[in-house]
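By letter and in written order, the chains are A, B, C and D; residue numbering begins at 1 in each of them.
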Amino acid sequence: MNQQRRSLLKYSAVFGLMASAGLISVAQAQEWNKAAFEGKSLDDVFKILGAGSPEKSGAITLNAPDIAENGAVVPVGITTTLKAEQLAILVEKNPSSLAAQFFIPAGTEPFVTTRIKMGQTSNVYGLVKADGKWSMAVKEIKVTLGGCGG
Amino acid sequence: MQRKLTLGLASGVLAALLMVSSSVSAQKSATEDIAKYREMIADGNPSELYEAAGEELWKKPAGPKNATLEKCDLGLGPGVVKGAAAQLPRYFKDTNKVQDLESRLMTCMQKLQGRDPQEMVDAPFQKGPKKDMEAIVAYVVTLSKGDKIKVSTNHPKEKEMYELGKRAFFFQGGPMDFSCASCHAEDGKRIRLQDLPNITTQKGAALGWGYWPAYRVSSGQFWTMQQRLNDCFRQQRFPFPIYGSDLTMALSMYMAKNANGGTVETPGLKR
Amino acid sequence: MNMKNMKSLLAISSFALAAIAMQGSVIAQQVNDPKFNKLIKDGFKADGIAGLDRIDQDATQKFCSDPVFSISKQGEKMREKIQKINMDSIKQPSDGKYIGDWKKGEAIAQSGRGSTWTDKADTPIGGGCYNCHQIDPKEISYGNIGPSLTGYAKLRGNSQEIVTYTWNRINNSKAYNACSNMPRFAHFKLLTEQQMQDVMALLLDPASPVNQ
Amino acid sequence: MADPMRVRAAENGGIVDVKILMKHDMESGQRKDAAGKTIPAWFISTINVKANGKDVLNGQFGPAVSKDPFLNFKYKGAKGDKIVVSWVDSKGDKRTDEATAS
């Protein structure tokens, strides 16, 4: 706990300094959601994000391959017809579920693509917060073993 | 009654068809899915990050002579970078040797900047002077992207290197009896799901030679051709191939010459 | 048939014979080339467990490094000789047991690790079987350098003949095909006897997923 | 000093498509070094993108984002927009690069 608190303090100190120097926006400095990124299970992260148990929605598309040739780089994109204000990518079987989250200001499309690491074949969740309510899309991505040395 | 029967028959046939196609297509669809994966990651090749750093290093004075590499002769005359990588390896009169890109860059670093090539040879990949080399290679090969591979064996030394390379390609050794040819001398072969180009053919050689150097997603590193060859030998369970050795020149000559007429697609993006 | 036709026939056949003879003289074993030997010798350095002894070829490796002679008709005698050397090196299991644990066999088949210069002497060496073979149909990431082994015993049965053949193949594939691409697992001590018994089980045990 | 990013922005029909490549190891905290010691996590944690001084995206990464991160998003904008991308990592290192929408 102490350790955690200390590193939390360190974070705020660094961010505070940079925020005051105008290097990053204040919103950003306040919000690296340590607790959410350290959440082990999907439910942990849902709880911390305030997502409860999000419902599946056909309005969300998770753009990802069925098979990843390499778990070190798995392309994942979320796009939705909902008026999204926040997007999150979760990997059920990773040591910590939350991979990344994005805040979408007005004028920005509800569309983000990035690349994530996956330790093994797992369900991947695309979460969308729109009008204060969370919903999601789920897709299984198979991670295959590579050539020669594996 | 009759209608029911037809329907029943039709659905039976359909079910049978589905069963057959699902088992036959299992592997095909895996290959297609991998193709989709590769397509998705092709957009945004991190090689670009190395290329930018390499351009800076090319133009930055360095070494005991505090000189840049801008006068380096890669075969098309001092300072000509565009298209140079597409014609390497080649014979160089000043060194009286057949050289690939990395060997030639070592010559330039020695002659122009006064750096000791042995330091480069000895450095581990991705570290120290090799890190600089890798970035410079990324910069140079990008300036041949889209060109046709055009390697000569007109000079007797080039011809000799090609023949030695061909023999080295089939040289078996190590505790697994592997040679390059064990995996790269037949069409349509794979290790796991990775396609193996048949380097004895023009088409296969172009697929291999034409796409390296590349950013490798499995290691998150930009790999030069020397590192690619090095890791092939590691997987072959051979001893460590010496950086810039004639052995590596010969194998490169064999691959590049076989690939002639293909397109330079470097830097590639690989698993 | 008149004399003229006969003559031309003879001419043709003698020409064909000459052509065969000429070809025969072309296909000979690769000559020893000091330049090539130097290229190889100067091309490598020892690193960790990967010593320079690894480029000292044995008779099998030397023969199979010659892509023309090794598959030629002229090379047939040599091929048979190589196969005999390898066959003679095979030892049947010391405890008389051929079939081990298929689950352990699957793990060995999956692993392609070991015996590189980045490995240590005690790094367990995998069989690397999936690199080249389809085995358990559930594993979609398999290579095709070797034949599919899915349904191995279901297709072939597990008579003593099949069991011995399979044991020999895993031990030293070159006993049957001098220049097979498959490593000689026993000869180079890549797998232990126990590990080979486990891989045998993966292929031959009726309970193995391979035979479902 | 962190290495430069590659930022590309292309306008089409009033939408600017932004593609960003960042140079970062994104150490997961799961890997072990040769001696068997865990390599501590070290990753880009926050990223901010501004167009003409206004936020167009705020992102937060965990250590599960791939090495040399890639990010693609779109916003309503115009050719000539000045795009500024900044990231901060978990050790407080930072980097800012710019691009102009074309």
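Quick notes on this structure:
In the analysis below, a residue touches a chain if its C-beta (ideal position, glycine included) is under 8 Å from a C-beta of that chain, and two chains touch if they have at least 3 such contacts.
As the structure is a computational prediction, the values presented were derived from the model and not from experiment.
A count of contacting C-beta pairs for A-B and for A-D identifies A-D as the more extensively joined pair. Centroid to centroid, with C-alpha atoms defining each point, subunit A and subunit B lie 35 Å apart. Per-chain CA centroids place subunit A at a distance of 14 Å from subunit D. Distance between subunit C and subunit D, defined via averaged C-alpha coordinates, is recorded as 49 Å.
For the pair subunit B and subunit C, the distance between C-alpha centroids works out to 27 Å.
Under the contact definition stated at the top, the residues of subunit B that touch 2 or more other chains are 30, 191-193, 217, 220, 235.
Residue positions of subunit A touching 2 or more other chains, listed in rising order: 67, 72-73, 75, 115, 144-149.
Residues of subunit C found to touch two or more other chains are 116, 130-131, 140-141, 143.
Taken pairwise by the contact criterion, the protein chains fit none of the simple patterns, being neither a path, a ring, a star nor fully connected.
Pairwise, the chains that touch each other are A-B, A-C, A-D, B-C, B-D.
Touching subunit D in their complex are the following residues of subunit A: 14-15, 18, 23-25, 27-29, 31-33, 37, 72-75, 77, 91, 94-96, 98-105, 107-109, 111-119. Remark: subunit B residues 26-27, 30, 160, 164, 167-168, 170-179, 181-183, 185-186, 188-193, 196, 233-235, 237-242, 245-248, 250 touch subunit C in the complex.
Within the complex, the subunit C residues that touch subunit A are 110-113, 116, 126, 128, 130-131, 140-141, 143. Listing the residues of subunit D that touch subunit B in their complex gives 3-6, 19, 21, 23, 25, 66-68, 70, 72. Residues 43-44, 46, 48-49, 52-53, 215, 217, 220 of subunit B are the ones that touch subunit D when the two sit in their complex.
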